[in-house]
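I have placed the structure first, in the form of structure tokens, so that the comments after it can refer back to it.
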């Protein structure tokens, strides 16, 4: 078998509909949500494989095996990270009232569904994890533990709701499951800036006297040293997730549908002068059913030295204000 | 000399291959919309690691201060301006001889502000240099992340609710582009009003057609007739509106007022206990 | 907008070598200044007769700022002189081109404004006596023209200490040492304190305002009674559009109310409002008229607005506490300046939050008592 | 409360996406009692047609019958221009009736304009679609 690595980029997350993006030209129409999920996820894997193969066919027999995702990681995301809730505080640290869907570009159908939210009914139906699915879990205050499940699968554990996500760099080896889950099926790829070339050196400008930083200087931080340039080369992890169960973007029943596509970019930011290391997760939810436009959030987590504060809790949503 | 040239070459990197940030970008307000765009009732202090000095200042703040002559045309300062309605334009200034980027220029439609992010390695000005609302900025690339450090920022606010930002803040920004989406991270360190760095992040999308909403002018006028030098403020303990936000959304004021402690997951049980009695 | 040219201490090779690390040198110098202030406190505090330990410290700290050269005890002065001879703790004088004809010299005690032009040189405040040589050197880097006029914004030694040296180095059109202008109250107080006649501002005025024309622009002097002292002057260079605030505005500490020299909180606020009347921002509260503070960084109207607001808020809070019958100790415990203490509190420095609160409290209480 | 939220949020989202540079000047909600209205009738003293917001100063009696100078906050010049209001639309001396939200500081005699009617010719603003401001 020819080693396959999803080096080709996904088409833009802002183009077309999720199904359009991943469907093969001769794909059969989907009849049910479950079958559509399987079909689209499998199609995604095949599309990636096909795109990856195109430039490699000629060299297939003699090309060395590419490094694993773990070996080729441009940034280190592993470790414990804690969410620092400076935005959407009242929607994240507490459960807002029903009907408070401020900031979310809900469609009329989305509002209708949100207005029907009933926490007790969800709990009675065993749907306690609806606010802890892939569309809402990043916004739940909590801690992440990121580790390599294997050389081509990154694992994220969440102590809020005791959830786990697997990010597959090799979707062929890890095909989508038959059943939808709260966390869905995630395909991952590294993004990185192009390798340096022998570009002409920058001429000294102004009163710069020190070494030239990659891409231009910018020293001179009052009160502290500039951020080190070695901690991260600015790469990113892109993750596209499908195949999940319908869930909540917010604790108070603001919905996303099973037809949505969720694209995420994980960034490890250059180390702050005080030593803090931040993880930024940009999330784009595109939902043809409940949203009128892509829903953008960016969530930040601060690196912790260890798992001492790791505190797994079951899926549970506090009641809204009375 | 040859070794030095080699080192410079190795360190310089492919400037021409850097991600372009040029273009006109407009904000998306899918987080904290009410706070950032229309403004809500008074008293939203959530999510900001404010210290006791900031609390006292915020408690004294009367929103009608903005009608005072010397306050009515005061723009947001650099950390704050990204948390309001905003569209901005970025372009590159290049050295004509080398075609290397000397600076990124930025024009912000809100309050018609200009920023220059120097990329040529110049130092920041000395302490006694004047401060401006946008401050003095230098930048450097970390792969595809542009990191910008800004000092010499004038005093203003982090929130319209009156949480102050001092004139000794240092702002570090990270610009991250994915296609037509620009994520912008701001981390502010403020020795006077914050107990720890304050991080926010916001999204902007590329405007493919642009628009004409780029102008903002402010004419000084005596908006509300009152003595010219009368600056409204509340005495300690006498701000009648300080709990409005907490009351409107059914939140415990103690949590709204708690600062950094309430920004971490372990505070959630406290919020619930304050709202509903003991957490279940 | 600004142009920096470093005026290094004259004839001091060590300082020249250190110029590259000016920030460290400056920081060290500030620490040195703080030590000087504490030394003066020790000399002056016993005479104030304040009751609490904190209050004693506060009053003495104020006295340190207010002290004329001759009121400092000999030992402290000697130690001070020895310290300032050591280039390692002496910050370089830095020169900032504000705009038009006006420059700001930083690092010689209070900030100094220098206006240059075809008529010669006008200097507003002269810094400390021990830095007058360095100040002269800095002025000479800007202009070789004759120093014709000196203006004293108020009487304190960190603003008048160089009067004698700089006056003697200058020359009026009549061939006399450069004339020193101040409000009459400054002359009175300096004379009473025994300052040498060569250091005295003999060209005084007693009316609200004085103006004259020099180096192609009108120069206005506004007297602000009962503010920092009773002899404060704000200087406005109308053509250059620069205001020199003297003791009425600082970016480094709370307003200093020198009650022993006729200062008062209400007059201080009036003075800040007068500055705001003179300043016009170029665009959205930025630029336009620049303000040289007595201490700290170059500013514009927005910075003065914040300082005015702060002074007004704290005044109102203390006044309200006095109305409620709170004692000084209770007022101090209530921390009426809490929101500004980290910025201006200057703990351990020469003018602390407690000193400021006490000065405002006593001033307001005196007014209540006199009603 | 809930009903108000339901209506207000989508409307505001739409507004923010279309206006680009919405006013960041101050929060109306924080400045005025939006759940209360007040009506005054009096003589127009001054029309400050300007940005960031216009103001109409009206001499009218307060609830005790004492004449006050009321400051009525209106849209910015740019926004009002798009609604047909110019700097000459109102003139000093016009007798107008204004309905709006009262300011939270009663001593300011301040109102957020919701509706204006000139008594002499019936000119009015605030009832037609789009006659709002932010």
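As written, the chain order gives the labels A, B, C and D, with residue 1 at the start of each chain.
Everything below uses one rule, namely that a contact is a pair of C-beta atoms (placed from the backbone, for glycine too) under 8 Å apart; a residue touches a chain by one contact, two chains touch by 3 or more.
This one's a predicted model, so the numbers in the text were calculated from it and none came from an experiment.
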* **Between B-D and A-B, the pair joined by more C-beta contacts** => A-B
* Tell me which chain's centre, taken as the mean of its C-alpha atoms, is farthest from subunit C. => A
* Asked: Taking each chain's centre as the mean of its CA atoms, how far is subunit A from subunit B in angstrom?
  -> 25
* To do: Please work out the Cα centroid separation of subunit A and subunit D, and write it as a whole number of Å.
  => 45
* Structure fact -> Between the Cα centroids of subunit A and subunit C the separation in whole angstrom comes to 57
* Approximate Å spacing (C-alpha centroids) for the pair subunit B, subunit D -> 29
* **Overlap residues in subunit A, where contacts from two or more other chains coincide** => 97, 100, 102-103, 105
* Set of subunit D residues in contact with two or more other chains -> 1, 9, 13
* To do: Report the residues of subunit A in contact with subunit B in the complex, numbered from low to high.
  => 12-14, 74, 82-90, 93-94, 96-97, 100, 102-105, 141-143, 159-160, 191-194, 196-203, 205-224, 226-227, 229, 231-236, 238, 265, 267, 269-270, 272-274, 276, 278, 280, 282, 284, 295-300, 309, 311, 318-322
* Of subunit D, residues touching subunit B in the complex -> 1, 9, 12-13, 15-16, 19-31, 48, 50-53, 55, 57, 69, 71, 73, 78, 103-105, 108-110, 134
* To do: Quick one: which bits of subunit B touch subunit D in the complex? Just the residue numbers, please.
  => 26, 29, 33-34, 37-42, 62-64, 66-67, 72-73, 76, 81, 84-87, 109-111, 160-161, 211, 213-219, 221, 223-226, 232, 241, 244, 248
* **subunit B contact footprint on subunit C (complex, rising order)** => 1-2, 4, 22-23, 26, 94, 96, 104, 106, 251, 269, 273, 276, 281, 284-287, 290, 296-303, 305-306, 308-309, 312-313, 316-317, 320, 334-336, 338-343
* Would you pull the subunit B residues touching subunit C in the complex into a rising list? => 51-57, 60, 70-71, 73-75, 111-112, 125-133, 154-155, 164, 166-168, 191-193, 218, 229, 231, 233, 235-236
